[in-house]
Amino acid sequence: MNLDLNNLIKENLPKQTQGKVASYIPALAEVNPNQLGVALYDLKNKEIIQAGDSDVRFAIESISKVITLLWAIKKLGMQEVFTHVGSRQTGFAFNSILNMEINKLKHPMNPFVNAGAIMTTSLIVEDKKRDPEPFAEILDFAQEICNDPDLYLDDVIYHSERRTGNLDRSLAYYMKSKNMMIAEVEPSLDTYFEQCSMMVTAKSLANLGAVLANDGIKPWDGERLISSESATYTKSLMMTTGLYNQSGTYSRLIGVPTKSGVGGGLVSAAPHEYGIGVFSPALDKEGNSVAGLALLQDIVDGLGLDIFK
Amino acid sequence: MNLDLNNLIKENLPKQTQGKVASYIPALAEVNPNQLGVALYDLKNKEIIQAGDSDVRFAIESISKVITLLWAIKKLGMQEVFTHVGSRQTGFAFNSILNMEINKLKHPMNPFVNAGAIMTTSLIVEDKKRDPEPFAEILDFAQEICNDPDLYLDDVIYHSERRTGNLDRSLAYYMKSKNMMIAEVEPSLDTYFEQCSMMVTAKSLANLGAVLANDGIKPWDGERLISSESATYTKSLMMTTGLYNQSGTYSRLIGVPTKSGVGGGLVSAAPHEYGIGVFSPALDKEGNSVAGLALLQDIVDGLGLDIFK
Amino acid sequence: MNLDLNNLIKENLPKQTQGKVASYIPALAEVNPNQLGVALYDLKNKEIIQAGDSDVRFAIESISKVITLLWAIKKLGMQEVFTHVGSRQTGFAFNSILNMEINKLKHPMNPFVNAGAIMTTSLIVEDKKRDPEPFAEILDFAQEICNDPDLYLDDVIYHSERRTGNLDRSLAYYMKSKNMMIAEVEPSLDTYFEQCSMMVTAKSLANLGAVLANDGIKPWDGERLISSESATYTKSLMMTTGLYNQSGTYSRLIGVPTKSGVGGGLVSAAPHEYGIGVFSPALDKEGNSVAGLALLQDIVDGLGLDIFK
Amino acid sequence: MNLDLNNLIKENLPKQTQGKVASYIPALAEVNPNQLGVALYDLKNKEIIQAGDSDVRFAIESISKVITLLWAIKKLGMQEVFTHVGSRQTGFAFNSILNMEINKLKHPMNPFVNAGAIMTTSLIVEDKKRDPEPFAEILDFAQEICNDPDLYLDDVIYHSERRTGNLDRSLAYYMKSKNMMIAEVEPSLDTYFEQCSMMVTAKSLANLGAVLANDGIKPWDGERLISSESATYTKSLMMTTGLYNQSGTYSRLIGVPTKSGVGGGLVSAAPHEYGIGVFSPALDKEGNSVAGLALLQDIVDGLGLDIFK
């Protein structure tokens, strides 16, 4: 490891001033923007290197879409999941219905836009419909894949998400009106808002990235958690649709499968090399962490991780 | 090389019956659909392996967008090119204006949709405006990067493309009306239709793929033709936007940077391993070669080339 | 009155076979398509002429949008209502969100598309928020303007509408997410579904049309029910947006302000001359009564009612 | 005539400061914004009343769409014209392709958006294809229907329109690519730009409006110029689509069939009462004359011309 992470933190932290923390709910709006943390899980040496605010907890938000996708595939199989959700970029914002309605699509376009993630979650909800609490198993799985038993649901964020989530409600009822939804709308949304409200650290995300980078095997105990195919496909989706409407741009500039969340998190998976977690809450206008992406780009360049190179 | 290419050709050729050759111009409509050819440039052994109809000439069509992009970057620099064209999927067909107009975009979304390719070509045309024939240097460059001195312009196809290219004309005048176009519309389109009408073989495309896979260096003579950055970025774009509206789907299923053309060609670049050229003219409804994609998937699986794995 | 209405009924009834009754809820799907009725309120002679199935009750559906618009204007004033809803055609189906989202509009485009009607209803609901049943006063007003004390809410239709109304729910939550909605979504929708489920006859609609045609004064008792401005503006809106996506076409072909509903009703208001109610439940693919529009056109031609002529 | 037109001019002229003259070509940008003129053709008294800048010449621009529509109907018949163009509002700006592409329409939506007007013109061009100058007969017809032998083509405006009309070119080639266009694109556009460049006065437009208001008969000589049906349908279209994207709003607020042009002209036809021409070049952001519409509204209110009242 020939990178001075502390120095990279110092260089990139000031870039957070170019962004703004998410403000649609109070719990996010109150987060201190002046934070930047990183954790790398080095698969060769089986060690985690950390720097900056790498143990600060923050809301996982859209990065939870990776976890529920993996869980849905594990539970229901690849085919069942991709019967209900596509693998294509929409060309619009993550919460837009435009492409689905213009093209009269029969399913949401990918699991990382909101409509697709609600669909993935609803598949889990439907599968668990005799269970009083479908979120419990998602939380268990999240703790396991993040190797983070302290990962928890933040009730304040959950209730805020639920109260303000009317655009998600609109998407879900649209899908229901077109007979796409399997489970009921409200329990699907409740579970979706719960998954978005899990509290993680950059280190948790480095572990998540490491499982993906390690072909589905947890490097810390050598046990397979998800199938190789599941890890491969999910990395591909992260590359093509992981950074909202800027996925294509960052595929070009960074070239490592990455998923972002409006809590300021980033998870990357460089196959066979590193799982990376980054946290910095100030966002660009597309919803991606400004200082986080800048730091990630430096790390990818420094370690030569671009998979297209 | 532990793949029996001849057997793979035999297995995949019958799938062409699920597709149809392009029919918008006579010269394409008359092509025999019952063809399948492949060529692999093996970077380790510096040899080309071929099978099936690998020396049959066919129209390069959209695969020319890779070549003009590389040439534009070589001539004008990365920054100049990506000032005029983006790196994002549109979410619509390759010849649709919808996303650009709905989102009031200031430039076409990527170099592999028609609007973006016309833009790339027009940058070259503008740069050559004192030259009586801007296409000549594109042809020279194509012959060099494909290591194919016999690569030529088919006049019949060119004139057909030019006569029927009214949707491209509409896109170009739209961009002109929004002050995006640098060069004049008609010479830009003429050059664009010329580049689409170059005749290649699967072998030519394997060479093109090999230069991309080899970080920009021609493996056959060890000379650098394009910059490392240019090769890397172009592979990323092929991954996220190379297969028309199904780019995301095939990123997931194939996982190797690939560009298709409605002439039935496919070019892939597996970094540091193989350049691959495929030809089979029967297309699925998105415009990608049916038997060609099936064969490519078998090869990628057989050789373990998925870059996300 | 020099029209033989019975003969016109006979001539136009067979055209119903070109259409189909609405099928999205059982109570509509079971209606006998072979019905055609008409009632004309002649303002000069202050008499009603009827023919065919003019006393058959059917679901008012979208024609209720006229009544709630008039009620909202009466209660809240013209300015308040048109602060929250526009007066323009959308260019899309009555239940589409496309134009509102593409153009990032701040309010629904007119009171006769579903989004606009939900908005109008929600203004009434909000105004009545201390009242346990906001629908009661809409029903009272409907009975008065239709001069039909037997006009009632059909519970079976209401519950079906409510159960299947997910696209309306999607529209309402979209508007809520954009801060357009004043009242809560669910009570607004409940009231909206109630108003759609009122049971009327062609005769009721002739009376409604007569009040509009008579500048807002009930011709049967000479009392003003709505303002002149309200009657005028509503007739204009019926002309430009009353027949769903075919409003422009029928403005040209019929030329009398008209509003349709998927229950098979039509209400027209020929200024100073006639209020007209028509009923025939088989619909064209835009949702307008086939035989009803044909009959209406014959009546308009026969009586010379086209206001553009 | 109980209106003091000079006083209305004085009251409404200052409103021009809320608008701006069209600036896309120099010849329009240089027009003095501080002008307001009106002419009324009173059908009962067969006299023209004028006030303000009613004899100032200005570019007819989109009002020419009324004239070519009437000419196309006269030459080719109602059915032929409405086979190639619809009667519906698009929901978007007059030069947008969005609705046509989203809804995969087979023809432009109405004769008063640019795509529809280019289509109408191309029908005339095709009909005249053996004639060296298809515009000549349009000019003749314009002079006749405007009772204005001095109405002429402004060459400077024509050449400016032609040079800057790339968005129209884009629309025309789009229609050609979808096999909608009958005539060739370039001569159709040339004729279209010519018709837009005719120079009229408020008085010319009052005469045009008077023929429409008088059921197709020229009131000045009692001869029928266009069919009754043609006059009726065209008035309907002016009502539903005549004021660009604000047609519905002004149908509600003004209630008289009206067509605007970006040269600052307005023509209205109040059936059996008045033809009205207005001129004031400063436009609102939709492209309609600000002071002109305000003056028109006062006149309509003062004379009680709203056809919905």
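For reference, chains read A, B, C and D in written order, and residue numbers begin at 1 within each chain.
Operating definition for what follows: a contact is a pair of C-beta atoms (placed from the backbone, for glycine too) under 8 Å apart; a residue touches a chain by one contact, two chains touch by 3 or more.
Since this is a predicted model, take the numbers as computed values, not measurements.
Peer 1: Compute the centre of every chain as the mean of its C-alpha atoms, then state which one is farthest from the centre of chain B.
Peer 2: C
Peer 1: Where the CA atoms of chain A average out and where those of chain D average out, how many Å apart are those spots?
Peer 2: A distance of 55 Å separates the two centres.
Peer 1: Just curious, how far off is chain D from chain C if you go by their C-alpha centres, in Å?
Peer 2: 32
Peer 1: Could you work out how far the Cα centre of chain B sits from that of chain D, in whole Å?
Peer 2: Computed from C-alpha means, the inter-chain centre distance equals 47 Å.
Peer 1: If you look at chain C, which of its residues touch at least two other chains?
Peer 2: 98, 102
Peer 1: Okay, what are all the chain pairs that touch?
Peer 2: Listed in label order, the chain pairs in contact are A-B, A-C, B-D, C-D.
Peer 1: Chain C touches which residues of chain D in the complex?
Peer 2: Contacts found on chain D: 86-92, 98-99, 102-103, 109-110, 215, 228, 232-233, 235-237, 239-241, 245-249, 251-252, 255, 257, 271, 306-309.
Peer 1: Report the residues of chain C in contact with chain A in the complex, numbered from low to high.
Peer 2: Residues in contact with chain A: 96-98, 101-102, 166-167, 169-174, 176-177, 185.
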